[in-house]
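Submitted below is the structure of interest, expressed as structure tokens.
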Amino acid sequence: MSELTHFDAEGRAHMVDVSEKPVTDRVAVASGHLRMKPETLALIVEGRAKKGDVLGVARLAGIMGAKKTADLIPLCHPLPITKVALDLEPDESLPGIRITATVKTSGQTGVEMEALTAVSVAALTVYDMVKAVEKGMVIGEIRLVMKDGGKSGRYEAGREGAGA
Amino acid sequence: MSELTHFDAEGRAHMVDVSEKPVTDRVAVASGHLRMKPETLALIVEGRAKKGDVLGVARLAGIMGAKKTADLIPLCHPLPITKVALDLEPDESLPGIRITATVKTSGQTGVEMEALTAVSVAALTVYDMVKAVEKGMVIGEIRLVMKDGGKSGRYEAGREGAGA
Amino acid sequence: MSELTHFDAEGRAHMVDVSEKPVTDRVAVASGHLRMKPETLALIVEGRAKKGDVLGVARLAGIMGAKKTADLIPLCHPLPITKVALDLEPDESLPGIRITATVKTSGQTGVEMEALTAVSVAALTVYDMVKAVEKGMVIGEIRLVMKDGGKSGRYEAGREGAGA
Amino acid sequence: MSELTHFDAEGRAHMVDVSEKPVTDRVAVASGHLRMKPETLALIVEGRAKKGDVLGVARLAGIMGAKKTADLIPLCHPLPITKVALDLEPDESLPGIRITATVKTSGQTGVEMEALTAVSVAALTVYDMVKAVEKGMVIGEIRLVMKDGGKSGRYEAGREGAGA
Amino acid sequence: MSELTHFDAEGRAHMVDVSEKPVTDRVAVASGHLRMKPETLALIVEGRAKKGDVLGVARLAGIMGAKKTADLIPLCHPLPITKVALDLEPDESLPGIRITATVKTSGQTGVEMEALTAVSVAALTVYDMVKAVEKGMVIGEIRLVMKDGGKSGRYEAGREGAGA
Amino acid sequence: MSELTHFDAEGRAHMVDVSEKPVTDRVAVASGHLRMKPETLALIVEGRAKKGDVLGVARLAGIMGAKKTADLIPLCHPLPITKVALDLEPDESLPGIRITATVKTSGQTGVEMEALTAVSVAALTVYDMVKAVEKGMVIGEIRLVMKDGGKSGRYEAGREGAGA
């Protein structure tokens, strides 16, 4: 297991030097969910059909949130994102909303944080819009599903080996 | 169960009019965690003792994140926050980090979103700083623990009734 | 006709001192439009009915844009906005989209700039989403429709007198 | 006439994937104006000569606004702008101020939105600085004058064909 | 000498709770300078007379910088600023530019940081605009000149006692 | 001595066109200090050993500040920073804190402003955290220590010739 690269030899936080790393195509996928009561989910689903598109607002918030990642996460490098897409699907078995975000760039570091931030902001936005109805909703299982590109290569959740 | 207040009668999203609501003291507490392998947690705990204060960086990111809430959540009202405090505690039983955020304001709406955002950004920041060691960490159980102030009064998780 | 208050006696720009002004309820309404070809308008209207809600995205962008006004306009005072609502209506007689924004606050200055900024950002967002289809669209007639509150009182476009 | 590319097959908004597009030099020019009473224009022109440089402030606001484009327009890609210049000219025949913005980048998408945003923010800033004198000013005719670079090549307003 | 209030009993950074403090009128004045070669100063002064208003641009940057203070300084409370004014004066005895900023608010904490930030950003902006001519310029003597309002009352530099 | 490049032939401020400049590796180092009473310095040093890491908070603020440079300095080009590191060292001979920042990028312009901004924001943050104890602290001697890369090549403070 390696050391924490965000600190120097004296333990001081720094933004890691990536200037020697090549620019490569990178992609990351993250997911998460928001659990709620069945009747709250019904309200969201019904609203989408008729009026009041909660998931459309949250999708947009997630896309804009991905662009703010380097502003939110102190040691994150700013990156020229080339794609962001979010999928928010109602799931009655949760019950709640399942969220997936895909982010791409060509850069010197990966976009894992952008994908995870997109999912987090989308989940928070759904919470905000529905909290007058149910305050007990829970945001959960936000994780990296996949990343590819860069020196460390491909990662897929559930398939990680010793170095994952 | 009430309607979704963030949409008007035609289903169009809007920032709810709070201009008639009185300015009152408000507080909100949110919590969440980041689960990881025991050896990753050990690395964070050890680093804190010696050098490389992951939790100190994440705490600061959470505080600054709370101030960006209205910028991240589309329909959130901007609020003059009067206090933000974050607690990040290692918990070997997870294993991982437990995060709690407390936010206060005197305003016309509550600070639930600010507290939830602070927890989310702090969790994302820990992930960012440790992801070179373990990519499989999971952010989970982000929820509102308590809120007080305003017309809807006090809410405590686990004690909500029908209208919670 | 009065002087330009955003400059001091030596002609230096400054943010006007409003610390002596009372906090009062204020509202402003602004409007504008985006003109386009009939077939472009048809594409937007059709998309809204089925899929691809251009106007919903633009409405949200306008709301978030209103919150960024003091960040965009150099001498604008930051204000705690208490309401933002946007209306985007297709109008075949333009042909194009008519946009109206209503903003409220309780503060020491008015929200005219917030309403005008909301309309501008919403119009730019529609342009962005449709520009692959028609680059010749024109944003026009962005103006203040009404404002009320504060020492200068009520203003309605088309009814201004000598001091308007 | 093509489809709206900012939506996927299910009508969900996304930030279009430009990762396969080559990095090319791009330029865009946009224009617009702010109409006002002749005496208001005289006040601005006179102020510029002596003291109170309204147009200088607006020029700077437009430059800074161009840098905020990806923050304002939800589905816009962040771009490393390499040039921004604004021209604000009094025009007694309007009467008012004519605004032109030129923006350049080397990137995977164009800078049309940056140029249009620069014009919009400059116009809003003039409005802000002069509104104590005249509230009835109107921002109008904001349009793309020219763009070049990228796969779709050159566009000039007034010369567009069927696909413009 | 008191303790560092930005840390709790366990040494954790937090945004201090000011929710119990009354809203009072507050003002702060800060100053600083930028030293340079006499010929560089001459270039700025000459430019101001004819064309190229370095100090006008820096003044505006300082005003906008004051509005970003809570975004830049991690534990700073967001405040509704009610006035910002900057004075940038050439001083041949330095030689260089002397900068003074005055900021006001009605709030629960002071605006010392806003005034100091305004001076810093204005000085950095002058440096940026002139650095092609002289890279050896030095920003210096940025300090609080005066503050008033709030529980701790009035402070004037050079008159502080033991507890200043 | 050359002209001020941030203005065009008519004296209008603009963001300089760097689109023809090659992308090269660039580095800049800036330094500065914060002077204070010996007992204030002792409080910071003591706090670092035990609890209350003032310098750790300021280091992080400086890193995040570097990322905001193009947002703060009106005519600065946005740049994809590839490294930021800050060093804050107590110096009893001042007495106070000495601050050094190193910033890297691969881009079309240099990162001098990013390094100077990092130092400034770090110094302001130390001031903020300690101001309840001593308001008379002074930020001073903020200067460029070194830059390299780009057409103008290497610069080292104290070694500049006529054209430095």
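Brief remarks on what is shown
For reference, chains read A, B, C, D, E and F in written order, and residue numbers begin at 1 within each chain.
By our rule, a contact is a pair of C-beta atoms (placed from the backbone, for glycine too) under 8 Å apart; a residue touches a chain by one contact, two chains touch by 3 or more.
From a predicted model like this one, the values you see are computed outputs, not experimental measurements.
Hopping across touching chains, the smallest step count from chain B to chain D is 2.
Using mean Cα coordinates as chain centres, the one most removed from chain D is B. Both copies, chain A and chain C, contribute mostly matching positions to the interface they share, with over half of the numbers common to the two.
A straight line joining the Cα centres of chain B and chain C is 32 Å long. Note: centroid distance chain C to chain F, computed from Cα atoms, is 37 Å.
Separating the centre of chain C from that of chain D, both taken as means of CA atoms, is a distance of 16 Å. Chain B has residues 12-13, 53, 56-57, 60, 64, 68, 71, 74-75, 80 in contact with two or more other chains. Every pair of chains in contact is given here: A-B, A-C, A-D, A-F, B-C, B-E, B-F, C-D, C-E, D-E, D-F, E-F.
For chain A in complex with chain B, the touching residues are 1-7, 10-13, 32, 39-40, 43-44, 47, 50-54, 57, 60-61, 64-65, 68, 71-76, 112-113, 116-117, 120-121, 123-125, 127-144, 147, 155, 157, 160, 164.
Against chain D, the residues of chain E that register as touching in their complex are 53, 56-57, 60, 64.
Residues of chain B touching chain E in their complex: 25, 56, 59-60, 63-64, 66-68, 80-87, 104-106.
Residues of chain F touching chain D in their complex: 8, 12-19, 70-71, 74-75, 77-80, 107-108.
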